[in-house]
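Shared between the two complexes below is subunit A, which pairs with subunit B and subunit C, respectively.
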Partner chain A sequence: MTSTLKGITLKGSAELVADFFSFGINSILYQRGIYPPETFTRVTHYDMILQQTTDPNLKNYLTDVVSQLKEWLFECTVQKLVLVITSLETNDVLERWQFDIECDKSAKESSAPREKSIKTIQDEIRSVIRQVTATVTFLPLLETPCAFDLLVYTDKDMVVPEKWVESGPQIIEQSEEVRLRSFTTSIHKVNSMVAYRKTDSF
Partner chain B sequence: MAEADVEWELSKENIQPLRRGRDISALHQALTHLQDGDSSAVNQQRQAFETEVRMYDGDDPLDVWDRYIKWTEQTFPQGGKESNLHTLLEQAVARFTNVEKYHNDLRYVEIWIKFAENCPEPLEIYRYMQVQGIGVRQTSFYIAWSEEYENQGNCREADLIYKKGLQACAEPHEKLLQFHKALQARVSRQVMMNLEQGDSDDEPKQTERVHLADLKYKGKKKAIKPINRTGSAIRNVAGGLQSHSASVQGNASQSRLVIFNENNAHTSCPPEPKLEAWPALPTIKAKENEQRPEKWCNVKVPLKSKIGHTVMAPPPSKPTFQPFVEESDEPPTMTPCKINPAVNKVLSLRKPCSLWRRVVRRDCTQAVIYHFFLCCFSVWFSCFFSGHILLALSKEMNLLGWM
Partner chain C sequence: MDLEDDTTVLTTLKSFNSFISRTEPQQRLTERPGSGTLQGQYKRSMELLEAADRLNSTNRYLQLDQEKKQMELSHKRARFELEKTASDRTRALEHEVDRNQELLTQIKKLKERESEMERNLTEKGDANRALWKNLEALNKKLEDRDGRLSSANQTVSTLKDEVRELKQKIQNQDCTICAQTLENQELQEQLDLQRRKYQDVSQLYQSLQATQSTCSDHVIKIKELERRLALQEQDVAIMKTVKSELARVPGMEKELKNLRGDNSFLRESRENCSLLKEEVEGLRKKLERMEKMKEDLVNMELEKNRMAEKLQAWENLGQSTGLNIRKPEDLSREVIQIQQREFALKEQNYTLNSRVRSAERSHSDVCAELSEQRGKTLEEKKKRELQDTLVRRLQKRLMLLNKERDGMRAILESYDSELGSTEYSPQLSKRLKEAEDVLQRTQNHNVELEAELNKTHKEMGTLKLQLQTVELELESVKKQHAANADSSCSATKEELSILRQKIEDLEADRQRLEEQNNNLEMRLERHNLQGDYDPLKTRVLHLKMNPTSVAKQQRQQEMETIQEEVTRLRELVRSLQDGGSLVQSQDDSIVPNLGLGLPPSKEVLDLRKQMESSELKNQRLKEVFQRKIQEFRTVCYILTGYQMDITTENQYRLTSVYAEHMDDSLLFKKGSNGSMQLMETEFSKTLGEMVSLHLHHQKSIPAFLSAVTLDLFSRQTTI
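Coming up: the complex of A and B.
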C-alpha cells in the first residue's frame, strides 16, 4: 500500500530512518561477529536478505534504542548515531561506525509531504547496507571478543532520558576512516562512515 | 573521493580480506593501478625491495622481508600470480630456516603462518614447524594451527593444540588462554545447538537439496545408493577436495559395500605424528613439469647459415654403421680433401657440380656429410650395376677431387 504513496511525511521519514538503523545495526553486529552467528536469523527486507538477532536481551535493547531514536528523529533533534566496537579485554575502541543525521527542520512546520517515492529511498538504503557488508574486504579481523555500544548525539539542550547516560565520543586514535554511501528521505539525510585502527605502516 | 569510494565497492570480489585489515589509501591506489594497467610505479617499488633484500647488510635481514611481504599484500589486493606472494613467502621462510634467533620471532612466525595458509595442506606445515621448533613459543602459532583443525571440523585436535601451547609456555600466555576458552565455548555451544536440533529437527529440512530425478537402476540389482545431501555432506562438497572423515564414515554405513581399508585394520586410531628429523620442507606445489628458471648462455640454438642451410653444430664424426664396400674398392677416406683452386676451374665447367662445390668451399664440415652420402649412394648403386661401372664412376670422381 505504501508503495502507491508518492510523498513522504516527517513521521514516515522518521520511521524509515529508524528502521534503517535497526537493520543496519543488526547487520553490523552480524558481519563483525560481535554476537555468534547462530543467534541470528534471516529476514527479508528491502528486497534483500538480512540477518536479525534472536538474542532476547539484545532484541530488547535494540527495540528500546530504536523507539527512542524514532522520537528524536521526529523531533529532529538527533545529529549522530555512533556504533562503537570495543575489545572486551582491554576496552580499546577498535571500530567506530558513525552515521551523521541531517534533519530538515522546516518539515516540522509544514506538514505537506515531500515528493520522493519510498522505492527510491529503499534503493538508497539497500545500497548503504550492501556497502556495509562489503567493508569486510578491508576491515581488520576482530580477533578478540568484543562488545558494542551505541552513542547518540543530540542537540545540547536535551534532557537525558531514563536508561541513557552521557558519554565521551570514544574516538579511535590513529584511525583510518572510510566514508560510505549516504541516503536521504528528503527530510532526513544519513551519511555513514566507518573508522578503524590503522594497520601498521610498512 | 566519492569516486574512489565506489571503486573499492565495485571490486570487492577482487579484494582478499587480510587479518590485519587494509590501508584504505593503498587499496585505492592499487585499484587505480589495476584499472589503468599502469604498473611502472609498482615495479619500481618492487625493484627497490628486491635490491634491498639482496644488498642488506645489517643485523636484522628479516625486517626487509617483513616489509616486502606486507607491501605486497597491500599492493596486490587481488592476490594471484602477479603478486608473487607465494614465492616470496616461500623464499622468506626458506631463507631463515637455519637462523635460530628468528625461530620464535613473531614476524617470522607470522610469515610462516601466512605461508601455511597459502598451502593446500597447512597442517603439514604446522607439524613441520613444530618439529623444527619454529614458533613453538609463540601463541599465534598455536592459534593458527588450532583454527586450521577447527575449520576442518576436528575440534578435539584443535583443543589438543592449545594444550600443547600451554605446555610449551607460549607467549603471550593470556591470549592463548583466552583463545582456548573461546574455542571451548564455541564447541559447547555447537553441542548444545545440535542437541536442540535433535529435538526439533527443523534445520536439516531447510538445507536439504532436492534431486531432480531418481537414479535408474540397471540389471537385477535394485539397490540404489541413497542420496543424502544434508549437513556436513553439503559442506563437504562446497569445501572442495577436503576429505571429511566423519562424513565418509556416515556414507559408508549407508551404502551396502563395506570398503576394507588395510590401514585401518592395523591401527584403529591415526598414529601420532612422529617428532623425528624432518629436514626438508614438505612439498608445497603439486605441479609437475614446471620449468625452473636457468642459465641460458650455454644452450645452443641451431643457427642458419647464409645460404639458408641449417648448420649441424657437431658434425657426425663417423657413421654408426659400416657401409658395405666391395673388396676391390679402396675404403673411402673420411676426411674432406682440401680443394685445390686449380681444380675448381675444371669443375666450373660442369653445371651440377659447380653448385655443390661452392657449398663445400663455404663450409668444410658439410663435405663430410656429402661424402658420407656419396658412400651410401655408391653402396646402393653397387647392388644394381656391375663393379666396373662403379669403379669407373668412382675413378672419375676421384679425378675430380671428390673422393
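Coming up: the complex of A and C.
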C-alpha cells in the first residue's frame, strides 16, 4: 500500500480495488464450485479467511486481468467488471456478477489524498465479500459443468491492449437481479450485484 | 634371532653341498674323454682349480656377506635400541624441563601470593587498628547501654509483676476453658449419639426407598397385568364377535352369490343403460341442433320481416319526401346536399358571430363614450350650478349696490337739501359723478354677466340635447346587445368548454407521458442491472484466452474424440452383428485399436477366456472321439470283415474285406421298431440263396453276413 494511514491516493485506491477484485473473484469461483475445492488454499486477508486458487493456469489468467484492470482503474477508464458463468453443455449464461465502478475523475487532476482510512474501506470490502459468500444460499445450484469469463466495460475512446478483444455483454434472458452492498474508497465506488437465470421450476 | 641365523648357515651349507655334488659327476664326465692330452688335462685341472677357487671365494663371499648381514642386523638392532633409549631420555628430559617450568611458575605464583599476603597483612593491621578504635567507642556506648539496661531492668521487674498478675488471670481463664472443654466433650458425645441415630435412620430410609422402588415395580407389573387382562378381555370380546360373524358367513356367502348374480345382471343392464344413454345423448344433441335451427329460422324470418319493413319505410320515405330516394346513392346525394347547406349555414353563422363581435366591440366603444359624455354632463351641471350661484351672488350684490346707491342718493339729497349748493357741492358732485361712473360700470358688468349666463344656458341646452341623443344611442345599442347576447354567450361558453377539454386532454397526456417516462427509466435501470450498455460510449473487452473459451475448446476436442470412438465402436458392433466368421479376423485388427480408447472390461476378458477354453475342450473331445471312432471302425473291420458306413439317416452300408469289386456292398435300413432290413443292391441280387436261407428262414443277419464272408473268402482263396 503506497497510501498513508490517514488518506488515500488514486494509485492506492486503484490497488485496493484491484485487490478486492482478485479476492472477490477467487471467492466467487470457490463458492460457486467452478473449480474443484481442493485446488484452493486458505489465506488470511482483510482480517478474514479467504480461499485462493492454486491452479497455475487460473492464477496466470487472474494476475493478467487484475494487473490490466489496475492500470485502467488508475486511468479511470473502466466502468464495469463482470464475471460471467456459462454452462458448457448448453452455452447458456447462468450467472452474471456485475461490479459497477464509478470513478471520481477529478482525482486524476488533483493528487491530494482523500481522507478516508484504509481500515474503514477494508471493513466495507469485508462486508461485501461476506455478502457474496452468503448469496450461495439463494442462488440456484449449478448442475452442469460451467466455466467463467471476465468482461470489462471500458470507455470507447481507449486503446485496446494486445491479447484483449471485444466481446458481447453476455446478457441473461429472463434474469433475476439482486443488489449487493457497495463500498467506496472515495475515489472509486464499487456497486456489486448478481443476476441469475430464473429456474424453470417456478 | 639366533635360530634364524643358524638356519641361514644351514641353507648355505646345503647349497654348497649340492653344488659340490653337482660338480663331481661333471668332473667324472670330463675325465673320461679328456685322457688324450695332458695339456688339455692340465688346463682342465687349472680351470677346475680356478673354478674351485672361485667357488670357494664365492662361498666365502657368501659367508662373509651373511656375516655382514648379521652384523648389519645386529647393528641395526643396537642402533634401534639406542635410538629408542635416546628418545626415551629426550622424552624424560622434556618431561623434566616441563616440570621445571611448572615448578618455576608455581614459585612465581607463590611469590605473588606471598606479596599479596603481605599486602593483606598490612591492610589487616590497619583494619585492626581501626577496629580497636571502634571497639573503644563501642565500649563507651556499651556503658551507656548498661546504664539504660539497669533502668530497663527496673521496668522489667515492674513488668514482671504485671506479668505475674496476668498469669494468674490466665490460670483462671484456663480453668474456665477446662470447664468449657468438658462441656464440649459432653456435647460431642451427644453429637456422636445423634450421628449414630441419624445413620440408623438413614439406613432405614434407604431400606424404605428400596421397598418403595420394589413397590413401584410391583405396581407397574400390576398395571401391566391389568392391561393384559383388559387386552385379553378385548380379545375374548373380539373372539365372540368373530365367532358370531363366522356363524353368519355361510348365509353371507349365499347372499354373496345372489349379489354376484345381481351384479352381473346390473352390469349388463348398466351397459345397456350406457348404450341407451349414449343414444339419448345423441338424440338430445340432434334435438338441440334442431331447436337451434328452428330458432335461427325464426330469427331469420323476423329479420326478413324487419328488412322488408325497412325497405318499405325507405320506399315510403322516398314517396313522402318527394325526393328520388330509391337507392342509397340518392340518400347519400341528399345527405351531401344537406351537408353543403349546413356548411353554408355555418358560414353564415360565423359571419353573424363576427358581426356580433364587431357590434359588441362598437357597443363597448359607445359605452365608453357614454360614460365620457356623462362625465361631461356632470361637469357641465356643476359649471351651471356654479354659474347659478354666481348669478345669485351678483344679483344680491346688485341689490346691495342699488340699496347703497339709493342710500347714497338719499344722503346726497339730504346733504343737498341741508346745504343746498354750498361749498361742499363741487366735491359732492364730483363724488356723485364718480359713484355714478362706478354704478355705470357695475351695470355694464352686470349686463355682461347676464349675457354670459344666457350663453351658458344655451350651452347647457345643447349639452342636454347631446346627452339625450347619446342616451338614445345607448339604449339602441343595449337592445342590440341584448339581441346578440345569447349567441355570443353560447359561443364563448363553447369556446370555454373546448378549451377546458383541451386542457384536460393535455393533462392526461402529461400523466401518460410521465408514466411512460417512469417505465422507461425503470426499464433502463433493469437493463443496466442486466448488463446492457451504451455502445456509443462503452465497449466490452475480455482476454482472448479466457477460461470459458479454453474449456469450450477442450470440450469440443473431447467430443470429437468421443464421437470418433463411438463411430469405431458402432462399426465393431455392426461387424459383430453381421457374422461370426468375420468377427475373428476383425476382432484381431480392431481390438488393439480400441486398446487406446477403451480397455476391454474384465468380464469380457473372462468370458473370452472361458470361450477359448471351452472351444479347446471341444476340439480335444472331437479329436479324441474321432480317434476312438477310427480305432473302433478299424477294429470292427478287422474282426468282422466288414466296413460300416452311414450313407443317409438310418441307412448303413456294409462292404466286405473280401469283396471282388469296390462297389459290392450290402445296404441295411433301420426300421422304426429297431429291426434291420436288407435293401436291394446289385451285389445283394447275386446272393439270393443266402438271403432266402439265412434271412427268410433263419432270420439271422449275423449268420447271413458270416456266410457271405465265408463265400467271398473261399472264392478269393480258390483263385
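Before moving on, here are some points about what is shown:
Everything below uses one rule, namely that the second predicted complex is superposed on the first by the 195 of 202 C-alpha atoms of A that agree within 3 Å, B and C clash if a C-alpha of one lies under 4 Å from a C-alpha of the other, contacts with A are read in each partner's own complex, and residues count from 1 in each chain.
We take it that a residue touches a chain if its C-beta (ideal position, glycine included) is under 8 Å from a C-beta of that chain, and two chains touch if they have at least 3 such contacts.
Since this is a predicted model, take the numbers as computed values, not measurements.
Superposition note: with subunit A as the common reference, subunit B and subunit C can be accommodated side by side. Of the two partner chains placed by superposition, only subunit B is touched by A:Y196; subunit C is not.
Touch criterion met: A:L139 reaches subunit B, while subunit C stays clear of it. Looking at the superposition, the partner that touches the larger set of subunit A residues, subunit B or subunit C, turns out to be C. In the superposed model, A:R42 lies in contact with neither subunit B nor subunit C. Rounded to the nearest 10, the angle made at the CA centre of subunit A by the CA centres of subunit B and subunit C in the overlaid structures is 20 degrees. Using the contact criterion defined above for the overlaid structures, shared-chain residue A:Y153 touches subunit C, although it does not reach subunit B.
Once both complexes are placed on a shared chain A, the shortest Cα to Cα gap between subunit B and subunit C comes to 11 Å. Residues 145, 177, 179 of subunit A lie in contact with subunit B in one complex and with subunit C in the other.
Chain contact summary for the complex, subunit A toward subunit B: residues 36, 38, 89, 130-131, 134, 136-141, 143-145, 176-181, 196-202.
Those residues of subunit C whose C-beta lies close enough to touch subunit A in the complex are 526, 529-533, 536-552, 555. On the subunit A side of its complex with subunit C, the touching residues are 57-58, 61, 64-65, 79-80, 82, 84, 86, 88, 91, 96, 98, 145, 147-156, 158, 160, 163-172, 175, 177, 179, 193, 195.
Residues 1-2, 5, 8-9, 12, 15-24, 27, 67, 70-71, 74, 77, 174, 178, 182, 186, 189, 193 of subunit B are the ones that touch subunit A when the two sit in their complex.
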